[in-house]
Amino acid sequence: MNPLARALPAASDTATTLLDRYQRVRRASEALCAPLTVEDYVIQSMADVSPPKWHLAHVTWFFEAFILKPFLKGYQTPNPAYDYLFNSYYETHGKPFPRAARGHLSRPGVDDVYRFRAAVDAAMAELLSAPPAEHAAEIARRLELGLHHEQQHQELLLMDIKHILAQNPLHPVYRADLVKGAAAPVAPLGWESHPGGVRHVGHGGEGFAFDCETPVHRQFVDDFQLADRLITNGEYLAFIEDNGYGRSDLWLSDGAAAIRSLGWQAPLYWQKLDGVWHHFTLGGLTPVDPAAPVCHLSFYEADAYASWAGARLPTEAEWETVAGRQPIQGNFVEQDHLQPVAGEGQGMRQLFGDVWEWTGSAFRPYPGFKPLPGSLGEYNGKFMSGQMVLRGGCCATPQDHVRATYRNFFYPTMRWQFSGLRLAREV
Amino acid sequence: MNPLARALPAASDTATTLLDRYQRVRRASEALCAPLTVEDYVIQSMADVSPPKWHLAHVTWFFEAFILKPFLKGYQTPNPAYDYLFNSYYETHGKPFPRAARGHLSRPGVDDVYRFRAAVDAAMAELLSAPPAEHAAEIARRLELGLHHEQQHQELLLMDIKHILAQNPLHPVYRADLVKGAAAPVAPLGWESHPGGVRHVGHGGEGFAFDCETPVHRQFVDDFQLADRLITNGEYLAFIEDNGYGRSDLWLSDGAAAIRSLGWQAPLYWQKLDGVWHHFTLGGLTPVDPAAPVCHLSFYEADAYASWAGARLPTEAEWETVAGRQPIQGNFVEQDHLQPVAGEGQGMRQLFGDVWEWTGSAFRPYPGFKPLPGSLGEYNGKFMSGQMVLRGGCCATPQDHVRATYRNFFYPTMRWQFSGLRLAREV
Amino acid sequence: MNPLARALPAASDTATTLLDRYQRVRRASEALCAPLTVEDYVIQSMADVSPPKWHLAHVTWFFEAFILKPFLKGYQTPNPAYDYLFNSYYETHGKPFPRAARGHLSRPGVDDVYRFRAAVDAAMAELLSAPPAEHAAEIARRLELGLHHEQQHQELLLMDIKHILAQNPLHPVYRADLVKGAAAPVAPLGWESHPGGVRHVGHGGEGFAFDCETPVHRQFVDDFQLADRLITNGEYLAFIEDNGYGRSDLWLSDGAAAIRSLGWQAPLYWQKLDGVWHHFTLGGLTPVDPAAPVCHLSFYEADAYASWAGARLPTEAEWETVAGRQPIQGNFVEQDHLQPVAGEGQGMRQLFGDVWEWTGSAFRPYPGFKPLPGSLGEYNGKFMSGQMVLRGGCCATPQDHVRATYRNFFYPTMRWQFSGLRLAREV
Amino acid sequence: MNPLARALPAASDTATTLLDRYQRVRRASEALCAPLTVEDYVIQSMADVSPPKWHLAHVTWFFEAFILKPFLKGYQTPNPAYDYLFNSYYETHGKPFPRAARGHLSRPGVDDVYRFRAAVDAAMAELLSAPPAEHAAEIARRLELGLHHEQQHQELLLMDIKHILAQNPLHPVYRADLVKGAAAPVAPLGWESHPGGVRHVGHGGEGFAFDCETPVHRQFVDDFQLADRLITNGEYLAFIEDNGYGRSDLWLSDGAAAIRSLGWQAPLYWQKLDGVWHHFTLGGLTPVDPAAPVCHLSFYEADAYASWAGARLPTEAEWETVAGRQPIQGNFVEQDHLQPVAGEGQGMRQLFGDVWEWTGSAFRPYPGFKPLPGSLGEYNGKFMSGQMVLRGGCCATPQDHVRATYRNFFYPTMRWQFSGLRLAREV
C-alpha cells in the first residue's frame, strides 16, 4: 500500500491541527523516498531535475527561512550554509546556489539532510505548540503555503525519480508493488457542449490557493465543446503511425524546430522493443497500454495531436468552467498507481488526476493579480512568461493539493511531468 | 521628402485600381532601398535579419508562387531555383532555403533581383489587366494579402537596414535628410479611466485584416486605466539610473536570465559617449532625446520598467478598446522621421505610430480562429507560441497598413523592431 | 589565360626592382578578383572565411601599418578607422575588429577598398622610389614580408571564393575558362626508400623565409619510405566504399568525434548526384576525376585514410628531406587549373603544387625559434598550438611563394584549403 | 599514514608473485576511497571527471573483459550490462555508455561495485593460481597492463575526488591527516647546461612501458639548459601580479581565447579570501605556500609563464635526456602529502613527483610506433592528436608507476591534473 495513503489526512479531516497536518505532509515526503538507495538521492539527470536529497532539504529550508528564522526566537540553524545551498530561486532572499550544479554536491549527505529535517521539525513543533499571538495568523498563512509547497515537491520528487531511474540502462524499478490499473475497454470519445457567457474564473472562496489563481474575475467564454475523457495511448499511436511527427502542417513553428533538434518521435520514456512500444514507468519498463491516457507529452505534441484530430486544446477558462462543477476525484498519488490508468465509465471524466492537461492558455497574470509581499512574491509571479497552463493534477499529485482553479505551468518543450491532453472544439 | 509619401495612395483613395495599388506598393519598396549601396543589400547581420535583396525578392516570390503560377497561364519564372531561395517559411509549399544562411548568397545579385521584380511586375500587370473571371475574387484576395505582406517587409527592410548599418563602426548614415522631430516639452503622464464590461475584440468589419485578427469575438475587460502617452527616453533613463537592470525583483525570471547572458544595460542601439547617451538611428549616431518615446526595448525590459513604475503593460483587449475609437494618425513612415519623436498635445495620444507598444498578452489564437486554407495558412497561425503581441504600428509602418485590430508579435527577447511601451494599471 | 601568369615575375627575374615586384603582386590580387560581382566581395560564408574585399583591404593595411606609417613622412591614411577594421589579429598593434563579424560590414564598399589600395600603392611608389637610407634595409625586409603576406592572401582569396560560391544552390562558376587537366591514366603507387641519419631541417640560406621556418637545425630521421605520388580521388573512393568513415578503428578519437558531429561522409564539396560523385570547383560543379589527387581533406580524414592503407603520414622532416632535392615545379596557380589534376610520369612527383600535403607533425617552434620583433612577431608564433603542418603548396599557390622549407598549418578539422595527402611508411 | 604506502610493494620487490601484486594494487584503489561517503562516489562534476564508483568498476571491467572472459573457462559476470556501463572508450570492444552521463547512474550502487570487485578478484585469484600454460605469457602481459591501468585510475581518482569536493561551498576535507610539507626556503632557480647530440628516446629496455613510449629511437637534441627545479607559487604570483593574464603578447592565440572565454585569472582551485590567495586541496582550503611548486596549470598558462620569464618549456626529448640519469624519487602518493610541497636542496631536483611537467611537445607517435593488437590498441594511439605531453609524475602518482620514458598527455586547456612547469632555454 502506498505510504502516502497512510500519511495524508482525509480531505474532510477538519479537526486536524496545524501541527498534525505539518507532520503528516512531512512524513509523506519521506515515505516517497523510502524506496531509494543513498545513491539515488544524489543524481541530477538534467538541469530541470533536482536530486531527491535537494528536494527534501529545500522544502525544509522553506520553513526555516520563512517561518523559523523570523518567528521562532532563538532558533539556530544546523548549518548557515544551507541558506545558500537550498534556496531555489528567491533572489531577493539571497543569491541561490546555481541550479544546474545541484547534482555536483555530495555534501551534505542524505543523513545530514534527514538530520536537518528533524531539527526543523522539532523547532516547528515548538513554534506551533505555542505560536506568538501577534504572529499567529501570519505563521498559519506561511505554514499553509509551506505545506502546499512541500506537496508540490512531492510530485516533483516522483517526476525526478522517474527521470533519474529512466536514464539507467538497467531499468531500475522504483516500486514493484504499485497498484495495477483495471484492463478496461475505453468508451469512444464523446463531446459535451457548453454555452458561452461571462464566467467567473480564479479562486475567490475560502481555503488555500496560490497567488496566481487570484483574484476571481470575469471572462467571456464562447460556446464550446469539451471531450468527455482524456486522449489515450492508442489514439496517440494512431497519430504517430499517420506520420504525425513528420507533418509540418500540424505543428507550431517552434514545435517543429524542437522535435527536429531533439529527435523526438514519440512521448518521453517510450521505446520500441522488438516492434512493441514500451515505456519506462515507476514500476519498471512495461508495454504501453492503449487504453490508458497518453502521458509525458510536451505542449507542442499535445497541440499537434489536437490539430491532427481536427480539434484544439481547451483554454483554461473553458476547462475551469467545466471542472468547477465536478468532484475532485480521480487517479491521484493515493491510488498508488503512479501512472495514468484506463478510465472506466461514461460522461465527463478524468478531469482530475491521471495527467495534467495542457491548455491553450499562456501562463500570464489574471487581471488584478498581486504577488505575495516580500520574497514569497517570487513564488509564481516571475515565471509568468513563456510557459503554458496545465490543469487538473495527475497520478503523482496529492488529492488534497489540487483544485479546479489550480494553475500548473511548464515550458512548451517540457515533458517529464505527467502531462497529457483533452480535446476541445468550437460548437 | 520621404519617397514613400509619394509612392503610397492616400488612405481615402478608393478609386485606385488594384493594379495601381500593386504598383504603388511595389515602387515604395524600391524607394526604401534607393539609399543603399550594392554591398548593403547583401548583409545578414544576425539570423533574424534578412539581406535587403532577399526581402525584395521574397515579396516578389510571394506574388509569383501564390498568384502567377496558379492563375497566369503560360507564366514562366525567370529562374526555377528562386522558388527555393525565396520561400521564407512555407513548409507545405516546399523546403525553404535555411534562414540563417540568407547572408551567404551573393547570387542572384541585386540587378538580378530587380530583374526578377520587373518580370513579375510585368506578369502581374498582364494578369490584373484581364483577370480570369472565375478566379478574379481569389486573385484579389491574394493580391490584397500580397500587398500587405510587402508592406510588412517594408517595415522589416527599415528594421534590418538599421541593424545592418548599426554593426558598422563607421556609423553609416542611411539618410541624412530625415525630417527632424519638434523639440517639444512633454506633458506629465496622465491616466484615462475605462469602465469594464464585455467588449468586442478583433476584426469583423469590411476591409482587409490578417487571419490572426479574426474572428471578432467578445472578451470581458475589467475596469482599467491607460496612460495617455508613451514612455519617454527620459523616463526610461530614470529607470536605468535607479539600477533598474540590476534589481531582480523587477524582472520576469526569463528576462533576468536574458539580460544577464546578453549583457544588456540599456535599449538596443544605445551607447554612452563621453558620459552622454547616444543611439544609432537611420539618420546616424545622435544624442538620445529625453522627450522622444523610448524605443528598441524587449518585452522583458518593457515589463520590468512597468513594474518599476508601479504599473503594468496593457492587455491587447484593453489597448484595442481604447484605440478603436481613435483616428489612425501618428508618426508613420510617411512622416519621414524614421524614428519616434517627442509628442505634443494632451489627451490620449501616440496610440498609432512612433513605436509598437508591447502588451501583456501572449500571441495566441482568438476563439474560433481559422487559418487561411493551403500554404497561406502558415502565414500567422504557426507562430502562435512563445511570442507577445504588440499594437499600434511605428515610425517605419505605412499608415494604411495598420489598424486598431492589428496584432504584431515578437519573441520577448527581440528588440530590433521599433518597440516601446505605454503603461496601464488597475483602477 | 590566368591573369596571374601575366602578373607575376618569373622566378628567375632577378632584375626586378622592389617597386616592380610590389606592383606585380598587387596587380595579381586584383586580377584574382576580376571575375567577382560586387556582391561576391561581401560574403563571409563561415567564420574562417573572410569577404574578398576584406582580404584586399587587409593586405593593404599591412603595408600601411608596418611600412607607410613608420617610414613615409607625412603619410595620411584615407580613413583612420581602417586601422581597426583591417587589422586581422595583431593584438599588440591594437584591438582588431571581431573576425566572425567581417561579413557584417557593407562599408567601406568595394570601390572604397580599391581606392584604399590605390592610395597605398601611390604612397608605396613614393616611398620605394626614394627610401630613406637609414631605414632602407628594414623597409626592404618588411616589403618582402608584405609581398609574401599578400601572396598568402591570394591563395586565401581563392579558397574563400570557392567556399562562398559553394554555399549557393545556383552553383555559380567563378571562371568558365580554366585550363583542363589531361585525362592521364595514373601509374600505380610506388615507394621510394630513404636512409636515416641526421638531417638539416629548416631555412638557413639566402632568400626569404617566414620566421617559423627558422632556424635551420638538425633532426634525426629514421629510415623511411615515401610514396612517389599523391593519393587520388579513385583511391579515396575505395576507402569511402569500404566504409572508411564508419570504422572507428581507423580514426583518431578526436577525428571520430568530429566526423560524427559534423556528419562528414566524403571530402568537402563532394556530393552524389544520381549515383555519381561530383564536386564543386572554381570551374563549377563537375564529376570527380578518379585520377586527380584527392583534395579538401581534413587532417583526420588524411590520417584515417593512411591507417586504412596500412601506412602513415610523413613527418615534416621526412617530407623536407625528399623535397629539398626536387625542383619547385608543379600545378600552381600559374597553370590556371585552380584544381588538382591527374599527374603524369613516373618517379617522385607532385611534391609541389596540386594539394598541400598533410604531415604527421604538429606545428610547433623549431629549436631556437625566435619570432620577429614587435607586432610582426605575432605573424606565426602565436599559432603554434593545436595545428598540423602541411607542405608543398597547391594549385592556388603562386609558384614563387613556396619552398621546400615552407610550413603551412591548419587545425585538424579544417578542409576548405586545397589539402590532400601522400603516404609514408617504415622500411 | 597513507594507506597506499602500506598497499604497494617496494619497487625492488621482485619476489612478489603476480597475484600478490594484483591484490596489493587492488587494495590500494579501495584504500583511496576509504575516506569517501557513499554520496561522494556518485558525482560527476564535469564531463572529464568520472564518479569514483565508476573508476572502481571500470578498472575491474578491464580485468574481466581482457583477461577473465578470454582466459578463465566458465567465468560468469555478475551482470552482463556492466560490459556496456564500464567500457570507457574501447569502440572496437562495443559501444561504450556515454561518458558525460556517467554521473546519471545511481545503480549499480557502491555496494554493488564492491561486490563486482570481489567477484572479479576471486576469479582472478583462481586464474592466477593456475593459469593455463598456453596463455600464461599473454595473461601476464595483460595483467601487467591492467595493473598499470588501475594505477593510472588511482591518480585519476585523486584528481576527480579533488574536483568533486572543490565544487562544494562547504569545502569538504578529503583527509585531515595528510603529511604537511616542510616550511623550506627555496633556493634561487639555477640552470644546468646540456650538450646537444643524437640521443636515444623512448623505452627500449626490460620492464613494463606503455605502447606510446616505444620504440626507443634516436632524436637529435640541440644544446639546451634546463632549470634545476620547478616553478613555485611565489614565482607564479609575480606573473599574475605583473598582469600576466592580461598581456596578449605572452599567450598562444588559442590560449588567449581560452582564458578570455573561461575567465581564468589564476590556477585552478585558487581563490582570494580577504586579499590572501588560498587554494582548495585534498586537505581542505588553505593559504597558498609561495615555496611550493605551482600546480593545476593548463599548458597555455605554463607556456605564457615561460614566455614571461624569457624562457620556454622543455621538449620531451630534452626532459628525458636529463631525467634518464636521475633516480625515481620525489613527492609521490606514498609521501602522503597529496599536494606538491616546497623542495629542499640544490642541483637538478623535483624531476619526479610533485607535479607533472608540461613539455612543449605534442603527443604524437614515435617513429615506428605500433599500437597493441586488438581493442587494447585503443589504449593510447587514438589519442595522439591535440594533446601535449607531460613528464615526471606527481604527488598523486604511485612511485612504481612512473618512469623517465613515461608520457602523460592532456589537452592544453585541461588543468584538473596536478600539472606545473619547469623552464628550459637555449644556451
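Order as written gives the chain letters A, B, C and D; numbering starts at 1 within each chain.
Just so it is clear, contacts are C-beta pairs under 8 Å (C-beta built on N, C-alpha and C of every residue); 3 or more make two chains touch, one makes a residue touch a chain.
Computed from a predicted model, the values in this text were never measured in an experiment.
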Angle of rotation relating subunit A to subunit B [CA atoms, steps of 5 degrees]: 180
Greatest separation from subunit A - chain, by CA centre: C
Once you find the CA centre of subunit A and the CA centre of subunit B, what distance in Å lies between them? 39
For subunit A paired with subunit C, centre-to-centre distance based on mean C-alpha positions, whole Å: 60
How many angstrom between the C-alpha centroids of subunit C and subunit B? 46
Specify, in ascending order, the residues of subunit A that touch 2 or more different other chains. none
So that we know how the chains sit together, what is the shape of their touch graph: line, ring, star, complete or other? ring
Touching pairs of chains in this structure are A-B, A-D, B-C, C-D
Give the list of subunit D residues in touch with subunit C in this complex. 89, 91-92, 196, 198, 217-220, 222, 224, 248-249, 251-256, 299-300, 303, 312, 315, 360-362, 364-365, 367-368, 377-378, 382-386, 412, 426
Per the contact definition, I'd like the list of subunit D residues that touch subunit A in the complex. 37-43, 45, 53, 79, 81, 84-85, 97, 101, 103-110, 164-165, 167-170, 172
